[in-house]
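After this come two complexes, each holding subunit A, first together with subunit B and then together with subunit C.
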Partner chain A sequence: MSNKIRKKLHAFIIENCESEISSLSDNTPIFESGLFKSVQIMDLILFVEEISGKEVDVEGLKPGAFKDIDTIIKNFVETEKKN
Partner chain B sequence: MKIGLSKHAPGLCAIYGPLLNLDKSLDAIFLSWAHQFKALEYSFPQFLAVKHLDRLQYFTSFPHLATFAVTLDRDEDELTRFSHEHKVLENGSLELPKIQPSTHVITPAACYHAYVEFEGQQFDQPKIITTRGICCRCEDHYVSLERQWTFSMREIICIGTPDEVHNFLNNAKEKVDRFINKLGLNVKWEGATDPFFNPKNNPKYIFQKLEPVKKELVFDNRLAIASTNDHINYFGEAFNLTRNGETLSSGCIAFGMERWLSAIVNTFGEDPNSWPSFNISNA
Partner chain C sequence: METNINTDKLDQIVKRLCRVSEDNYIDPFSRLEWPEELDRDNWFTSPELISIEGTPIWDKLDESQRKYLSFFEAIGFYSINIHGERMLIEGVASRLYRKDKYAVTPYLHHFLDEENKHMIYFGRFCTLYANGPYPEKKVKFDQEYEEGEEDFLFFAKVMVFEEIVDIFNRRQAKDDRLHPLAKEINWLHHFEESRHLSFGREFVKVLWQSYSNKWTTNGLKRIRDTISSYIEATWKEYYNPSVYKDAGLSDPFSIRKMALKHPTSITRRAEISAPLIKFLSKTGILPNAEELPI
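After this line comes the complex of A and B, so read on.
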């Protein structure tokens, strides 16, 4: 499940990024490295909601929650397993 | 002894005597830090062009805070009629005749002027300036010295590479921390967001929650008296501030002057003789 989502996230970031990507790993910082601009956070949240089937609680967001692909998967896809 | 505060209207106060002296002493400390950064001092106009603020999506993000500078239409007959017939109502309001489209807002934050001032410039090294301005933000309610329609803000602003801006903000924060320890105010730094309109639908608000770009120095768990703001390359892109073709970052430290006065009065009482004395040499 999370592998499929991981691949979809990779594809989404490559398709929408603002700069040329030499390499994109699961730990590449999405905003800090300039792949995405800050205004694209909304697009990323909507995409994560779409592929995870869960609404993102904007008010409850913590610093770094969308740092990289690994962090997104951990915070918004694998949470059900813990529950 | 009075502290030196007159309330003219909700959100509009005058300070004099002890409070004004305290304000001057505090500002001298903040200004001395600016000088340690070799900051050039600026005095900017009270108004800011809407075309400049619009580039920052200000009217999307903060429409509720804006106070516009408006003037009456120059039509001679309209002006004559208004000069004879205008009437201030019991609720303190004045109905205006036709007004001209507004081209300016009353400055909502002191640092905006800096980016306008330097538009299109290249900087070989960090550019650091300081300014103090009367800022104007419309609020739902007002509290004297703490939440005012017009208030004074001292800012020190740095334009440079991300590392230069981070170093500047860290150094500025260290100066504040040293001063606060001597002063004995009950404060702590907290992550914060700006007061966006309809925040949940504003990517800038969400980004501020995700990236710790704004920190506030909060007094007694309730009142932000200063803030550090890492703008990343937001203003650099909007106003084309560059070095060797690369867009620069910016950051600022801001001091809400009246809020510092309130924090000191709340901490040390309403007798000015009990207020701490400090000067540039011991800050």
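After this line comes the complex of A and C, so read on.
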């Protein structure tokens, strides 16, 4: 499940990024490296909701919650497993 | 370095707007009548302003489905207003009585008061008749600013948000097809917002003139990019998958993507944004504003 989502996230970032990507790993910072502008956070949140089938509660969240693909998976996809 | 922002024109505007606000004070708790239930066989958003109007999905809906969608579009629109005004109130409150804001502080008090009232109307509608406002899908990023940049961007963003919202309000305030409560909320918002718009444009112009020649080339580029992206992001909020889902439409995320790209939507966004784009271009804030992908 999370591998499929990981692949979809990769594809989404490549499709919507603001600059040329030489390499994109699961640990590439999405915003800090300038791949995405801060105003694209809404697009990313809605995409995470779409592929995970769960609403993302953004209240109180910091941008670090969307730092890279690994962090997104950990925060918004694998949370149910832990519970 | 401290910049004293106080031009004659801005000073006159502040005095005039304060007087008008005092003469037209509205009590938000007694001004509107709130029925226990709403007759949902009504329009709550003007059909021409509904985000999917003119798309193939809209064409497939019958009138009762369109009216049903218009209610959730109204909740979506009021939610955008609530979140935008919350950002505005936070920012304005933190600028009250700052030395470089003495000249405009008298009006900032009215600004705050009136924005708070608008949130009461919008919030009450969303909580009485739906499950509250839709959540905002934004996260605040920390950023380093050059001198005056943070203030300029704050008021420029407020202006972008309010200029777009006001066109929706102005049109819906005159639309007799709308449920009377929805029509009245739009009228009340426009009535007070029109003052905020004159203040906003003048203040943004003054801030631009005061600081833009001090910004570095990189800073100026970043500021212009931020405003351009903010216009685009503001419009994207009008295409809310939760609205489509609550209205019973299937595959709400695909609907959003389709509607954002549809020529009718693009034309509507360009038409509604035109006065804002003209202002940004004429003032030199965004010299190529007409070429922005909206």
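Here is the rule we go by: the second predicted complex is superposed on the first by the 80 of 83 C-alpha atoms of A that agree within 3 Å, B and C clash if a C-alpha of one lies under 4 Å from a C-alpha of the other, contacts with A are read in each partner's own complex, and residues count from 1 in each chain.
The definition used in the following text is that a residue touches a chain if its C-beta (ideal position, glycine included) is under 8 Å from a C-beta of that chain, and two chains touch if they have at least 3 such contacts.
The model shown is predicted, which means the values in this text are computed figures rather than measured ones.
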Combined model on subunit A where subunit B meets subunit C, clash or fit: clash
First (subunit B), second (subunit C), both or neither touched by A:V58: both
Which superposed partner A:E50 touches (first subunit B, second subunit C, both, neither): second
Touching partner for A:F76 - first (subunit B), second (subunit C), both, neither: neither
Larger contact residue set on subunit A - subunit B or subunit C: C
Which of subunit B and subunit C A:F66 touches, first, second, both or neither: both
Single subunit B stretch clashing with subunit C - from 20-28, 56-64 or 74-82: 56-64
Residues of subunit A contacting subunit B in one complex and subunit C in the other: 31, 38-42, 45, 58-59, 61-63, 65-66
Complex interface listing, subunit B residues touching subunit A: 191, 200-201, 203-204, 206-207, 209-212, 232, 234
Complex contact set, residues of subunit A against subunit C: 31, 37-43, 45-46, 49-50, 56-59, 61-63, 65-66
Subunit A partner contacts - residues on subunit C that touch it in the complex: 135-143, 225-226, 229-230, 232-233, 236-237, 241, 253, 256
Subunit A residues touching subunit B - in the complex, by the definition given at the top: 31, 38-42, 45, 58-59, 61-66
